[in-house]
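Just so it is clear, A, B, C and D label the chains in written order, and each chain counts residues from 1 on its own.
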Amino acid sequence: MDLLQTYKKVRQHSEVLAAPLIPEDFSIQPAIFVSPPKWHLAHTTWFWEQFVLLPFSKNYKVYDEDFAYLFNSYYNNVGKRVLRPDRGNMTRPGVDAVMRYRAYVDNAMQQFLQTPITPEAAHVIAIGLNHEEQHQELFLYDIKYILGHQPTFPAYSNTAPFLKPGKKDTGFIALPEGIYEIGYTGDSFCFDNELGRHKVYLQDFEIADRLVTNREYLEFIHEGGYQDFNLWHDDGWHWKQDNDLKAPLYWHFIEEEWYEYDLNGLQYLDPDAPVKHVSFYEAAAYAAWKKMRLPTEAEWEAASGHFSWGSLWEWTNSAYLPYPGFNKAPGALGEYNGKFMVNTMVLRGASVATPENHSRSSYRNFFYPDMRWQYAGIRLAKDKI
Amino acid sequence: MDLLQTYKKVRQHSEVLAAPLIPEDFSIQPAIFVSPPKWHLAHTTWFWEQFVLLPFSKNYKVYDEDFAYLFNSYYNNVGKRVLRPDRGNMTRPGVDAVMRYRAYVDNAMQQFLQTPITPEAAHVIAIGLNHEEQHQELFLYDIKYILGHQPTFPAYSNTAPFLKPGKKDTGFIALPEGIYEIGYTGDSFCFDNELGRHKVYLQDFEIADRLVTNREYLEFIHEGGYQDFNLWHDDGWHWKQDNDLKAPLYWHFIEEEWYEYDLNGLQYLDPDAPVKHVSFYEAAAYAAWKKMRLPTEAEWEAASGHFSWGSLWEWTNSAYLPYPGFNKAPGALGEYNGKFMVNTMVLRGASVATPENHSRSSYRNFFYPDMRWQYAGIRLAKDKI
Amino acid sequence: MDLLQTYKKVRQHSEVLAAPLIPEDFSIQPAIFVSPPKWHLAHTTWFWEQFVLLPFSKNYKVYDEDFAYLFNSYYNNVGKRVLRPDRGNMTRPGVDAVMRYRAYVDNAMQQFLQTPITPEAAHVIAIGLNHEEQHQELFLYDIKYILGHQPTFPAYSNTAPFLKPGKKDTGFIALPEGIYEIGYTGDSFCFDNELGRHKVYLQDFEIADRLVTNREYLEFIHEGGYQDFNLWHDDGWHWKQDNDLKAPLYWHFIEEEWYEYDLNGLQYLDPDAPVKHVSFYEAAAYAAWKKMRLPTEAEWEAASGHFSWGSLWEWTNSAYLPYPGFNKAPGALGEYNGKFMVNTMVLRGASVATPENHSRSSYRNFFYPDMRWQYAGIRLAKDKI
Amino acid sequence: MDLLQTYKKVRQHSEVLAAPLIPEDFSIQPAIFVSPPKWHLAHTTWFWEQFVLLPFSKNYKVYDEDFAYLFNSYYNNVGKRVLRPDRGNMTRPGVDAVMRYRAYVDNAMQQFLQTPITPEAAHVIAIGLNHEEQHQELFLYDIKYILGHQPTFPAYSNTAPFLKPGKKDTGFIALPEGIYEIGYTGDSFCFDNELGRHKVYLQDFEIADRLVTNREYLEFIHEGGYQDFNLWHDDGWHWKQDNDLKAPLYWHFIEEEWYEYDLNGLQYLDPDAPVKHVSFYEAAAYAAWKKMRLPTEAEWEAASGHFSWGSLWEWTNSAYLPYPGFNKAPGALGEYNGKFMVNTMVLRGASVATPENHSRSSYRNFFYPDMRWQYAGIRLAKDKI
């Protein structure tokens, strides 16, 4: 597919995701880590304007100077930004105005993409496409959080991405001690944090061939997993205690039955589907209870050809740190990844909410260890005995 | 005007106030003391359903059981309510659905009002009308706060209620020591907190015949009023320091000029208009700076026939406490006033945002001393020397 | 007793109160409203140095410039002060050093008091004595809080001031409607907030001739008083809920028995003693449950000759506000009372912790409505039916 | 030295450290991460009682049941503990009583150490000695924090451990790509987190032969290092902004001169001494400003034979995570290390506050990235170009 077609397809997908919402849904920010859906639609548009049209497209006229200010995210290098916790108080411009902004920028981009594109511009366009895809996934996390925290549990859509039950038995894949290579190899797009393919030395280990299921996680709950501090990291235990948690996010115990809020509304919990919306703390506690552990990201990548992945992002026991030789890009795009390389943990794989072809085995996703509104699950690993 | 016409007029006014908004504006709660505009429209409707239609109208069928739960305010006696800080996260039902709810209840009320009304029902209907009028005023406070705290300062309307400059010179009206009577007298509607007309003994005092102006308040600012702790209550000083305040709410100092956000957008500050959106702490500090004081509510009521009032609510130096013989009504309507009789201060008068004929000289409005999003101003008083 | 003897007696009493403590007790601040005991000893000494010796005693040499900075309390007018929440982190100077400071100042004061004293100095000395007596009472509140919140409940002393059971039956004293005078009259010392004796008009009312007992308060607890929001002020209810309160401060329910921590350690609750350590919110809720109310401060003062008082401070339903004609003293001593005249409620009477002859029927004590570490109890009142 | 002599020496050192304090200093907790000095003295004693005397010494009689409850730290497996933020409110038992507790346990331990010791007991004794040494270092951190945050900057001692200026020129040591082994090797004591010596694969890198100095760090400050968000991690930037930081802990800029509070009081900043009391965030920002980076812990360990270390703990860019094959010990001792393996960063080396012979090149110290009251400095590393 050529660049113009790809652009159209990616941009259109954002609007398809927005279609089931009412205007009120677009401006709300019920938690500090959630962005209002309207904001995603505008911010991705601003990215094209700021990083492609302004630098590369002659005579481009900015749609509205205010929007640059309003829809910048965390790019400290590009002007004063609206602080994250205040995003949800911004009702103007409304979603209709944001859609007009999208149309204006799309028009300019489509004209621009029919002119010769320099390699430098092509590089930023590739980032822009991947950036918009990342926001498409966050859009689903956020709208799920917004609707899933209302008293009436409204559904988003009946055709949203849902998880299927997987295989029932677990096998373990063993990899031998030795030198492995990790990091991106190839000549398509990847993020800067995947670069610097390099050797690592791994010890013998085994890794599960499927994710932990709701049934298995329920057993952990029933056997007191949330009450035994020996299973938890110290920070995890305090997080759990402070928030009085007893189950994954979106689980509800109503009249002696377990339900799960999903994008199609409140549903009976499917015991055979993979458990999702767990934090790193919960994933690690579950693994400790099984007397196993989470894989490191290097183990995961080394073994990733031997199992199927993609229904949920998988927590690893690796902190998100730079690969050897990592260099931040200069300027605003350098803020994309490097500055988050402390206090976050790596997730590998992809999820049913991830746009098609967006991920790969070297892809390094990352979240704070207490975050669980993202589509995250658990794959077990263990040392060879 | 008969009851049916009055009902229609009051109800319609709520919708007139809502007309300038876009759907996104209706669901937002940028501060804990602000309610989403949609909530006012639904809550006043719920009041009619709960306290008039259900008890008095035979065969009335509740519109939606969920709504009673969602749109109860602080009436602890009427079921579990949505906690105030969470109101702003409720995007569903949207404003369209709320308008359908209003139409349904209005239809039922209008039929009911064409049947014979018992005195008991008439009493609750009078409360309902005054209740909706109170919310109309709060609606304006809230929408002003919502729009006035956005980066682009959008206007609400160019025909909103605005203050006019008043007379320039101040006179003082002197009242002699003696016994006065305060409290409601008459046979129209009043709130329970005004009842129990009773004698009070006042000392000689004088009270200003107009409100303090922006020009006068600016002088207080320029002469260091916000920096001199001797002028402030201890709690007021800490409130000011913690919030780093230097001027009334909605004032902005931009490129060496003072502006004020008003319902028609950002405007030059009019020096001759009364100063508004000040807290009790600011009002008291200003009075201390003038070596005067605020009037008590009894002084205000005793003198109220001698000056004109109604552009702004006027802070008094009286705590909001029960009149002698005050009795809470039983049940949910008893929660209306009595439970707020601690930590709040009385304001007297009315404001340009108050619905016509809603207030009277015995009317006791009240807010916490740090609140200033309401239309509140300053009238000075002093002891006779 | 002459001034020198009075000075010695008052100063010595502070040290008698300090005698049972170990050095570690003196530097601790377990809550923001508690001051470290060492601080009381030093601050009262600083008061003599700052307001008597420096202005009136020729050639007085300040003991240590640092101490003025360290032991100022809330007198914003006298230099930079140590912020209240940080007082508890100040281990130096230790209590030994503070005692040397006391001795130095006492020596200077005793010499000074043997010289002719001007009326102006005599006035400040009277304030200083009353000031130190107030801190003696706070000293007991604070040391009770400090020891009573330790896991082992250590005793302070077996000869501390304790409450006796009182009379079992309650009578009500009726006073007729009319004009009464309140405020200080006489020519001894009083605080500025008592001055301006003035007429008030009271309605018919009745007031109890004794305080509510633990037995009566237990009945309120057992019948669900802490669970019925109709009895509480809105702010009181939230305070109770947020702090998960079920009984007065220092009450402990251990193995099916009620205990009370008192200055002699953990004791069985005496059902016939007056209930103490209740907040205004609890006092008001109790009164509402009895279908009565708390007296106003004017009612209390008007009736105070008809009942005995002095075992506990008694909450009134009056906010602490200025009397007509109240004027703050200029300078630092003007910060004594006036700046607290918002958000606080008046207590009248005296307590077993109050130094002898310190209080009188016009004395206006005041605390925030949620405070209960002071010795406060409940006297009921009601309107005449 | 035999076990008895070692025990005596270690125990005595704790008391030598305590000697310069006054009783008030022992009970204070000015920040949540600080423990009252008294608590260290009691807690280390409790460790001997709980883990050595009770399990291994026949007929040992517990000194006081309360103490087990009061002086447990974070060992969730050993009974209910006093929550960390409340430690500072516990004035009883006083430091005298704690010293009696120490004497009692020392007596029992010294008798026990003269009987045959099983290997199992010897293992726990070795942990106990190292545990007490760790607390000796924390004791210095805490007393520095306690005294260094008082208005008068009292000195702890003039013979405390101080840093010397080091060499002026920096060289870089280059190590070649390849397989290295890290982890403890030997047969003396080490902590469980150092075990599992294993191979790692390192890329070419260079590491500085000395620590960054105050002079160099001042240059970073003067050139705007604290104002340029491009140099900081996102969390680090917010931490810096929220706390309004402009320099390392204990630095004071007074009348145009830089001072540093040290254990001997406020001193002129020595430009040639290594910079200390910086957080990970500051260390990483400094390295970014130099266009270098911090070493990983594996790099540090591999190169540690080539430079001298020991004046300050050195921040690495490694998150504190388990080594391959790491297993928590069962029971309470298993809580020692493993549960902190998230959100913390590794420091390597030792400091002038570290007891002699306590550390080694495989030692893994760890702190949260915002902590800086520990003796921590900066060593630079860089990739080979």
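The criterion applied here is as follows: contacts are C-beta pairs under 8 Å (C-beta built on N, C-alpha and C of every residue); 3 or more make two chains touch, one makes a residue touch a chain.
Because the structure is a prediction, the values reported are computed rather than measured.
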Those chains which touch chain B and also touch chain A: none
Remotest chain, chain A as reference, centres from CA atoms: C
Chain A and chain D: spacing of chain centres that average the CA atoms, whole Å: 36
Gap in Å, rounded to a whole number, between the CA centres of chain D and chain C: 45
Gap in Å, rounded to a whole number, between the CA centres of chain C and chain A: 57
For chain D, residues contacting two or more additional chains: none
Touching residues (chain side chain B, partner chain C) in the complex: 74, 76-77, 179, 198-201, 203, 205, 229-230, 232-237, 280-281, 284, 293, 317-319, 321-322, 324-325, 334-335, 339-343, 345, 369, 383
Sites on chain B touched by chain A in the complex: 22-28, 30, 38, 66, 69-70, 82, 88-92, 94-96, 146-147, 149-152, 154
